[in-house]
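Shared between the two complexes below is chain A, which pairs with chain B and chain C, respectively.
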Partner chain A sequence: MKKITISDPTLRDGSHAIKHQLTVKQVSDYCAAIDKAGVPIVEVGHGNGIGASSIQVGLSRESDVKLLEAARKHLTNAKLGVHCIPGFATIKKHIKPALDIGVDIVRCACHCTEADTTRNHITFVREQGKQAFGVLMMSHMAPADVLVEEAMKMESYGAEAVIIMDSAGALLPDKVETVIGRLCDTLNVQVGYHGHNNLGMGVGNSIVAAKAGATIIDGTARCFGAGAGNTQLEILVPVLEKLGYETGIDLYRLLDAADLAEKELVQSIPRVRSISVVSGLAGVFSGFTSHVERISKQYGVDPRDVFFRLGKRGIVAGQEDMIIEEAYKLHQEKTG
Partner chain B sequence: MQNKLNVAILGSGNIGTDLLIKVLRSPYLKCTWFIGRNLSSPGMRKASSLGVNISDRSIDAIIDNPTCCDLVFDATTASYHKKNAPVFKNLGIKAIDMTPSQVGEMCVPSINLKDCLASLNVNMITCGGQTAIPVAYSISRVQSGIKYIEIVSSISSRSAGPGTRANIDEYVENSESGLSQMTGCQNVKAILNLNPAIPCIDSQSSIFVSVDHPNMDVITESVATMVKQMINYVPGYELIVPPLYENGRIAAMVKVRGLGDFLPQYAGNLDIINCAAITLAEAYAKEKLG
Partner chain C sequence: MNPGQLDIIREDCDRIFANPDRFSVLKNESILITGGTGFMGSWLAEAVACLNDSHHFGIKLTLVARNIDRFREKQAHLASRKDFTLLEKNVCDLIDIPDDISWIIHAAATPDNRVHSSDPLQVINTITNGTMQVLGASTRLSNLKKIVNISSGWIYGSQPKEMLQLQECHVGGPDSVSIASAYAEAKRMGETICSVYKGQFRIPMVTLRPFAFIGPYQMIDKPWAINNFIYDAINGGPIKILGDENTIRSYMYPSDMVNWILTALCEGESGLVLNLGSPEGCSLRAVADIICDCIPGETVVISQTLNRKPKYSIFVPDVSKAKETLGLELSVSLQDAIKRTIDWLRQP
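== the complex of A and B ==
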């Protein structure tokens, strides 16, 4: 039976859905529940990863340290993972303290064409004897050839897996199949897939990825995540099992953890709203949604126009400040 | 009688090569040596085509010929500059450090040019620092009770060479140090985004300042005055979103279009740090040559 490792970023990507306001209690409760279900990797922290709490992408309610300490305490079998974007997080200020708390896996992420910015970070994590994965974000923005080239760089730095992230929920199954297939043919390390639901493709694309050879798949409880939400974990796992993949996860306990997430974490269950469709079509990071809505309202402009203009400019995750510029320009054009 | 200051440029990447073109235009500076490691790199070939004296012997070129220059622009990387700095010091050569090494005194010409003239080693912080810190400083000068300052810079992937990419942590750390030092605010954060879009995006920075009850009229005027000063040495500097108060913070955005010297105009990030370094070097030359 083919094995799939499930990685659960509910407590990381989900932070986007509640503007990074996760509490220590929420992290503790969910970690305890998901650990019992046998999910092997749990990611925790600010939506954009450690060190990302900022005006630019949103200020966290609790520090990385507090959330990671709580998670560590409540995970017995699962490995504790963090997302880390160089340019936001540094080795000294963020990675080192995270490892000191007991983080097992650092997923070093960058925009999908900028793999060399992760070199020092991946190298450092490996030197500390911990696991490092490479993550290529916004992967709909580059062709398969480029993604393969960037993934190979990450492998050469020491990444033990490379994850293709569909940050805007813009990928369609054909491209997922091509990209994952090409990566599995080329790399000697594991290949992973992280989906979003903007165009309704979360679970579907993840299955395509598994069939194409991906062995790490990300999913979150109740889709808890940025914008339209992520691949839904409690659907993903049984569907994979039904297709003959082995995840090692206990279905009832997984469903219990998802119920707990709905009750304790989720303010409103992510769904594909009209603005999410626009974000997916525009190819703009799902996490922009709440910022686009707030700023567009302030300037009296149509958030859909803002999204399409950002997409046209090729704005990437982390460039949330450009929302202000585009909304301001639209407002100026409207009022003369 | 000598009427130009002899300068050498160490490092033949994007920064070093763009600097060279600016030095060649300067009425106060003469490039006596353009030094790298590889004679076939694009920067070396450019220098050679401009008739500049070149060497591929890196720092050894200067050690063996200490009288080749009075001032050196170090455009290598932070870790190299840490090794080079004592060499320059022992040889009595003034160093303008283009890397985020945190070795020398930090300089933003529109804020503290005069204070840096006497220092033997001056650090130009980072491109994002040169862009955003002047705005943050001009706000901090007129507004009390600032709780937090954040600067976010976006640059085109094409303009970020291997040195910049290898120094991304140092970039963040040095930008934060410079921001803290110039504004007096201890609670700061710097963020860098690389954007690969084609056509290349212009270099720009956002400045966020957390404060209750800001006096926006005074702030707007102070920022406008600073922008005028910046344009004196960085012609492509532009305020694209004037200070506005939103969601409990002041936000402002500036953009830098470059002069298109080595890389095209989108690479305003190269331009601004190099214009700042040239401004400092020229002020030093004027003082030294009388």
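== the complex of A and C ==
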């Protein structure tokens, strides 16, 4: 039977949906529940990864250290993972303390054409004897050939897996199949997929990825994540099992953990709203949604227009200030 | 480096030079090594130190490297020797070589594929322009006897599955449009540059194509399979095999490497091209199992889950030409190489 490793970023990507206000108790409760279900990897931290708490992308309620310590305490079998974007996260200030707490896997992420930025971080993590994955974010923005080249760089730095992240929920099945297939043909390490649901393709694309050879698939409880949310974990797992993949996860306990997430973590369950469809079509990071809505309201412009403008400019996470620029331009055009 | 580690290396060198006569042309000569502080350069320096200390060869050695400070710090026993001169220089800026130099081993270039990926242009520059710079300067030497160019086994490109070992006459080649080929393509170009200098300036030249090595002086945090396996094992395991466990590699112990390089320097006829490596191919799984056997306790070997077609590769040299031309053979088995490496790493 083919095996799939499920990685659960509910307590990381989900943080976007509640403006990074996760509490120690929420992290503790969910970790205990998901650990019992047998999910092998649990990611914890600020939505943009360790070290990202800032005015630019949102201040965390709790520090990385507190959240990771709580998670470590309540994960017995599951590995503890962190998302790490070089620039936000530095080796000395963030990765080393995280490893000291007991983080097992550091997922070093970058824009899909900038793998070079992950070299030092991946190398450091491997030198500490921990697992390092490479993550290519916003992967709809580059053709398969470029993604393969960038993934090869990450492999050469020591990444033990490369994850294709559909940050904007913009990928369609054909491209997922092509990219994952090409990576599996080229790389020697595992290939993974992280989906978002803007165009309703979260679970579907994940299944396509698994069939194309991906062995690590990400999903969150109740889609808990930015914008339209992530691949829904409690659907993904049984569907994979039904298709003959072995995840090692107990369904009832997984469903219990998802119920707990809905009750304790999720303020409003992510759904595919009209604005999410637009962000997916525009190919803009789902985490921009609340900012786009707020700023568009402030300038009296249509947030859908703002999203399409941002998509044309090819903006990526960390460029949130461009939202104001585009909204302002639209406002000027409208008012003459 | 601690005394126990030094003892192991000196034992290895003593074994190579049990009968040092075949190297006697180097007596009282001056040798220059580019890339002098890397893995290969450090081992060559250890060998020369042994020839001078135990056999009174009186060799004067010049080591050229970009970062001498680190060498001074980590290999103080070599850096402080009076018979060694350290020249801190990027090989691309090497305008003049000291006039007393008669022998050159050109080994400047990092084999670290992390650097190849992140800075391929610099890799290409160091290898191609660096080689031209060294050879250009060597044309002005009045008493040059030979240059050994350290190339790479990767110049053959992917080894065909039906070919168990790569012969020197194999005409393959890396994928020229792949970013992963920067190092291999530059090394190929380096060989051509050497051939041109040999033809145009009559510089006596031997080319060696190294494969893989394991032994003291190798950093086990380097991203190569056997290094990672040893790192995993001595840190309590498990040993993680990334990729296909049926991938076949071979590993030469550095004392054999040094013996072969110095023999090629002393006896290789100009124009000779030889593979430099072990012909004993071994699957990654078998390598991991050997490492497990060397570590007391219960180290576990785990392979990654890969739901895809097997994709193993082979990278093993045919070294029959080295035996035929210079009588060179492997003297340290893979098992002994691994055991000795682990002993070296564990020296208190």
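By our rule, the second predicted complex is superposed on the first by the 336 of 336 C-alpha atoms of A that agree within 3 Å, B and C clash if a C-alpha of one lies under 4 Å from a C-alpha of the other, contacts with A are read in each partner's own complex, and residues count from 1 in each chain.
We take it that a residue touches a chain if its C-beta (ideal position, glycine included) is under 8 Å from a C-beta of that chain, and two chains touch if they have at least 3 such contacts.
If you're wondering where the values come from, they're calculated on a predicted model, not measured in any experiment.
Once chain A of one complex is fitted onto chain A of the other, the partner contacts of A:126 are limited to chain C, with no touch recorded for chain B. Contacts of A:215 after superposition: chain C is touched, whereas chain B is not reached. In the superposed model, A:314 makes contact with chain B only, not with chain C. In the superposition on chain A, A:116 makes contact with both chain B and chain C. Of the two partner chains, chain C is the only one touched by A:5; chain B is not. In the superposition on chain A, contact is made by A:156 with chain C only, not with chain B.
Legend: residue contacts after superposition of the two complexes on their common chain; A:325 is shown touching chain B, with no touch to chain C.
When both complexes are aligned on chain A by C-alpha atoms, chain A residues 116, 119 touch chain B in the first and chain C in the second. Looking at the complex, you find that chain C touches chain A at residues 113-114, 116-118, 179-180, 221, 223, 228, 231-232, 235, 240, 242-244, 247, 304-308, 311. Residues 148, 150, 152, 154, 157, 162, 165-166, 168-169, 172-173, 189, 191-198, 201, 204, 206, 208, 210, 240-241, 244, 246-247, 249, 251, 253 of chain B are the ones touching chain A in the complex. For chain A in complex with chain B, the touching residues are 54-56, 86-88, 90-93, 111, 113-114, 116-117, 119-120, 141-142, 294-295, 298, 313-316, 318-319, 321-322, 324-325, 328. Every residue of chain A that touches chain C in the complex is listed here, in rising order: 2-5, 115-116, 119, 123, 126-127, 129, 149, 152-153, 156-158, 160, 184-185, 187-190, 210, 213-215.
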